Structures are given as C-alpha cells and as structure tokens.
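Okay, here's the structure, questions in a sec.
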Amino acid sequence: MLHGYAPSLLDGAWLTFQVAVLSLALALVLGLAGASAKLSKLRLLRAPAVLYTTIVRGIPDLVMMLLVFYGGQMLINLATDALEWDYIDVNPFVAGVATLGFIFGAYFTETFRGAFLAVPAGQLEAGAAYGMSRWQVFSRILFPQMLRHALPGLGNNWQVMQKSTALVSIIGLSDITWLADQAGRSTHQPFLFYAVVCAFYLAMTAVSGLVFGHLERRYSVGVRRAAA
Amino acid sequence: MIDWSVITGNLPQYADGLWLTLQLTVLSLLAGLVLAIPLAVLRTSSRRAVFGPVWAFTYFFRGTPMLIQLLLIYYGLGQFDWIQAQWQASNAFWLIFREPYGCALVTFTLNTCAYTTEILAGALRATPHGEIEAAQACGMSRVTMLRRILIPGALRRALPAYSNEAIFMLHGTAIASTVTLMDLTGAARNAYSQHFAPFEAFLFAGALYLTLTFSLVGLFRLAERRYLAHLQPRKAIKGPTA
Amino acid sequence: MIRRIVLMAALAALSQSALAKDWTKIRFATEGAYPPFNMTAPDGSVQGFDVDIANALCQQMQAECTWVKQEWDGMIPALMGRKFDAISASMSITEDRKKKVDFSDKYYATPLGLVAAKGSALRPDLALLKGKRVGVQRGTVADNFATRFWAGQGVEVVRYAKQEEVYLDLGAGRLDATWVDALEAEGGFLTKPAGADYAFAGTTVFGRNAEEKAVIGEGVGIAVRKRDTDLKAKLNKALAEIRANGTYDTIRKKYFAQDIYGE
C-alpha cells in the first residue's frame, strides 16, 4: 500500500521523535540557564541572555537551521585546516538538534523567567528564615513551585517544537518528512505520503497533549481554581 | 573577512524577497483574521454539530507542521489528474493552486486562521459574565451583542496572544522557499548556492527578518497602548510641589 | 600531567591524519535524488551509476569505501569541511568549481537538454523561451547556464532543490520545460512511466560556443579536496584501469545502451 516505503517511514518517525526529545532536553537546559542569567543581579550575565532571547526569537527557525548547518561546516573547515585535525562531524542530526534546542531554549528562557517570578517572594523569604542554604531554597521551594507555573508555557512550546522538527528535512536529515518527500518524488504520489506524515504528527501531538495534561493536573494538586 | 559582494551582488533579489515575505505575511494574517472571527463564534457554540467541524479544522492545522501542509497543497494536489485538467481548462479557482504563490497564501491563511480561531475562541470564553448580562438587560439581540460587545472585547483581550501569532507567521513564511518562491529566505539560499558563503547570505537575511520582527512588535505595542489603554500601569500623579 | 595529555592528544590527531593519507578507507558522498546516476532505495541505501563507478574504483584501488548522503546545496562546503573525501554525484567539471575543489578525470560527459511535452515547439534558444517557465535544479550547470543566458532576458527560471521535484512540477503542468543533464533526463524521467508524454525539445547541447562550453564544463568527474593530490592520482589510475579492463563498460551497460563517455 505504501509501495514498500513503510519500514523506512517508521525509521523516519523514530528519528523525528529522537530529534524532538533531544532538542527538548537541550532547550530545557538552555532555558533554565538563560532564565537564571536573565534574573541575575550581574549585568554581565543579563546582557548576553537578553541578546540571546531577542535575536533568536527574531529570526525564522529555517534560516537559523540553514545558518548552523552550512555555516557550521565552514567553521569546522577553517578550524580543522588551521589545526590539522581530522574532521569533526556536523551531521544533519547534530545540526538539527543543536539548532532546535538553541532556538527553543530562548522561548523556554522566557517561560521559566515568568514562572520563577510567579512564585510568591514570601515563600523564598520563609525558606531563608528557616536557615536554608540558597541551593536548598532553590531545589526544595522555588523549583517545584516554579514548575507548576511553567508547565502550560512548556507544553505550548513543546507542541510548536514538535512540528518544527519537520524543518530538519530541509538540511537533509532522513527524518519522516524527508523520507516522505523522497517516496513521493520516486512514486509520483506525494499526496499519499504527506498524508501519512500528517497522521504521524497528529498522533504525536495527541499523545503529548495527554502527557502534559496529566503533568499539569499532577503539579496543580492542592491549588484552588476560580469557579469556571 | 566578510565578502560583501555576496550581499551587494544579490541586493535586488534580497529586496524582492523582502517584499514577497511582507506580502505573504500581511495578506495571510489579514485573511486569516477575517475568517477566524466567524469561526471563533462557531467554535464557542455548545452544539457539537456546530463546533465539531471547526474543532476538527483547528485540530488538523494546529497539529501538523506548516511545512507538511504547504507540501501537501503544492506537490500533493498537483499530482491529481483532475486538478491538472482544471488547470488546462483555465478554471480560475483551481489556477490558484497552480502557482506556488497561491498555494503558499492558501496554506498560510488556513494555518493562521486555525490558530487565530482558537485564540479568539478563548478570548470570547473569557468575556466577563457581567458584560453579557448587561447587554441582555439592554435588550440586545444575540447578533447585536456579538457585534458591539463580544467580538470587540475578544479582539482586545486576544491582542497579546495574537501578536505572538503574527510573529510566528512572519517567521513561518520562510518555508515558502521550499516551493520555489523567492522570498527573503529563498534569496538567501540562492546567494549561498552561488557563492558558497553561508554566513554572509543567511546573516544578512537574518538581520532583515530581525528588523521586520522589531517593526511588528513595535506596531503591536502601539496597538496595545491604544486598545488596552485601560490595562496600562497608572502614571504617577504629580502633586503640587512643596 | 596536562602536558602529557596534550601531547597524547596531538599524537592521536597526527596519527589519525597520517592514517587517512594512505587511502585504504575512503568516504564517498552522493546526493541520492538524481536517477539513474544516484538514487535512494526504499531501504535508504544509495544506488546508481555514480555509486557503482565509485565502488568499482575502490575495488580497483583495494580500498574500503563508505557512503554519505548529502544535499546538493552543501556538497562542496561539506567536502572542504572534511565531512567526506570524495564526491561521486554527477558533478560537472567547471572552472568555477575548480576554484574550490579538484576533479579526477571525467568518467562521463553529458550535454544539456530541454525536456518538454511531446511535440512542443520550444527549443533551447532565448527567442523561443521568452515568457516561458523553465525549471532547473539549483546549483547545477543547467542552473548556471539558465541564469547566465536566459534569466534576465524574459525567461522565467524556476529553481528547485532537487531535480526530481522539477519533474513533479513538469508533470503537473506548472512548468513549460526543464533544462537538465540530457543523460539524467533520459534515464531518470523519459524512460519511466511518468515521463511517457515528454521528450527532448530540439537537440541536446554540449556548448555551441566558447562561452557556453565554459559554463557547461568538460564532463563529469569525482571531486576531491585540492590538497589530496595523492587521492586524485589514485582515482585517475583506477579509472584508467577500469576503462581498460571492461568494468566501466559493464557498469555503463546496466544503465545506458549507448556510450556516455564522450570523446
């Protein structure tokens, strides 16, 4: 039915999933780091963080990806030529994950920043009054409560990021979009294969929606909501 | 170190690309917004037969990547013989899908319409109940209430979220370059392919996109200052000196 | 302690580059979207004339060859960035490209051809193409030719990332013609069911004057980095050998009835 492309499409689906999850991990790390930097007292930390979020959120994902992929190769070329080293791999997978993680790290920075600010200051003061160290205050009081505020924003950004993974096909990564492209070109039946990819993404967003809904409910235990 | 000829040699293409990007962004945002208003009203209906189709529409367009939607419409539709026959017969409606410009516009419009519908529906649902009661007390019909109270209120409430959507749309138009359109990204890819100079080609495009983004953000700030004036922080009232 | 680590790292790096130089392991790159020269099978592996020739050369050189798929746009920068060692992707030998990379001797030569619907009155002449839409693959010799001689003069040159996409749009009626390597059009489109209603419009063109010849180039070769002169020499030697012992002809007959080497 799929002209023999079903196994490779499944491989592509798995690859797309890996790209999404790894980019999420990188974005979370960058987001936390960026939010901490933006909320820091030091101008030296705040300024680059502001520059990061402003510029990254001002350029299209696709342009950034092309820049990192093609430009990265050129940088490697210069570096390895100068140092006489063997090549370092900037394959499409690495470039795709790095770019997506870098881009969405900027969006997560804003989400985490808002979430950090939403935790009542009184909670932190109480922790300090109990003699907790700064790390204890962060890990026991600030972080868990911050997560509750961050989850809706994280969930939304994750939905957007999942779909941005389709862009890695443009830099040649054999993800499900690239394979559907190729199958469509060879069989001259692009509609069928793009419909399959749509079904895959709909399934992925449906599952993510369920997971994040569950997480939000779990982290909101004990919170009273205004009457609907 | 920087090869300026990559930029200066391709300046006309970058300019044309910038103009095309602007067209795609503005036209699809406008069309999407106009379509989204009635759809948002339908979406908030309590009857499944009414909100069901709208929900399906927004679910599909928000749940799949815009790139796939564009490829589906451009290459996907183009494979069918009956569409090709319509093109040969110069059928005006279907001819829209023959041009990459038409396909891109349709895709972007449908996509932003889906997101805007959900944003407006959420804003409609958040209408303070007091406003609705007051409107009913004044004897307004449902249509009048929609026209004078609900929709204007929802549009105002949706402004911050909509500004994000507008920026996403501006960035989203970059994928038009994958279906042969010479938008700003297409111009950059062409420049790169000619000179093998990725930094010059893409950083210049990035700078132009950044300028567009800032302009858009500025426009929305002005709109917020005008339409959400009641939410601005109060300016300190200066008392008489000494 | 630190000095020892640095010394070991330097030795490791040097030894790695020393190993590469005897060319017992070669990484080849191809696009995988240019039938019948290079294409991607449903299982993801690469096949085609370019692949077979390169594998034959490796066998002749007694080297182990691995394959990397690479988008056409990024081919040369990736070669220079040492992502792989050689490109076998139907890349024409042109002066422009020789500024960045070096080429082996040619292993086939292809003219450019205009592919359009059967019976079309179009010809590869500016006068007859004015106002028409011609599709090309971005960054190819055909693209350079069309951009140089036709684009500013009233012909709408539409650029695609892959040649296969051009064929999709030609079949859908969005293009009036495509300007492409004649051999690729023959083997990758015209002899397939999708290309049944299409044919070459006019004769194929090797370059009707010196200017055109300079753009079209001197045939198709394997691209290597400029510094890898020993690899280039080995490839040329192996190429001469497989032409002499008949391996080249066996491979060629798999894909083309007529000779494609050119004179």
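Labels for the chains are A, B and C, by order of writing; each one numbers its residues from 1.
Note that contacts are C-beta pairs under 8 Å (C-beta built on N, C-alpha and C of every residue); 3 or more make two chains touch, one makes a residue touch a chain.
All values derive from a computational prediction rather than experimental measurement.
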Chain contact topology (line, ring, star, complete or other): complete
Greatest separation from subunit A - chain, by CA centre: C
Comparison of B-C and A-B (more C-beta pairs in contact): A-B
Intercentroid distance (Cα basis), subunit C paired with subunit A, Å: 36
Between subunit B and subunit A, distance of the C-alpha-averaged centres to the nearest whole Å: 22
Between subunit B and subunit C, centroid-to-centroid distance (C-alpha), Å: 40
Of all residues in subunit C, the ones touching two or more other chains: 73, 77, 161, 165, 168, 171
Multi-chain contact residues (two or more partners), subunit B: 75, 78-79, 178, 189, 192, 198
Contacts with 2+ other chains: residues of subunit A: 70, 73-74, 170, 184, 188, 190
List of subunit B residues in touch with subunit A within their complex: 59-60, 62-69, 71-72, 75-80, 167-168, 170-175, 177-178, 185, 188-189, 192, 198-199, 202-203, 205-206, 209-210, 213-214
Subunit B - residues contacting subunit C, complex: 75, 78-79, 83-84, 87-88, 98-100, 178, 180, 189-190, 192-193, 196, 198
Subunit C - residues contacting subunit B, complex: 73, 76-77, 100, 138-139, 158-161, 165, 168-169, 171-174
Footprint of subunit A on subunit C - complex, ascending: 13-14, 16-17, 20, 32-33, 39-40, 42-44, 69-71, 73-74, 77-78, 80-83, 161-162, 164-165, 167-168, 171, 194
For the subunit A and subunit C complex, residues of the former touching the latter: 3-5, 7-8, 11, 69-70, 73-74, 76-77, 80, 83-87, 89-91, 170-172, 174, 182-186, 188, 190
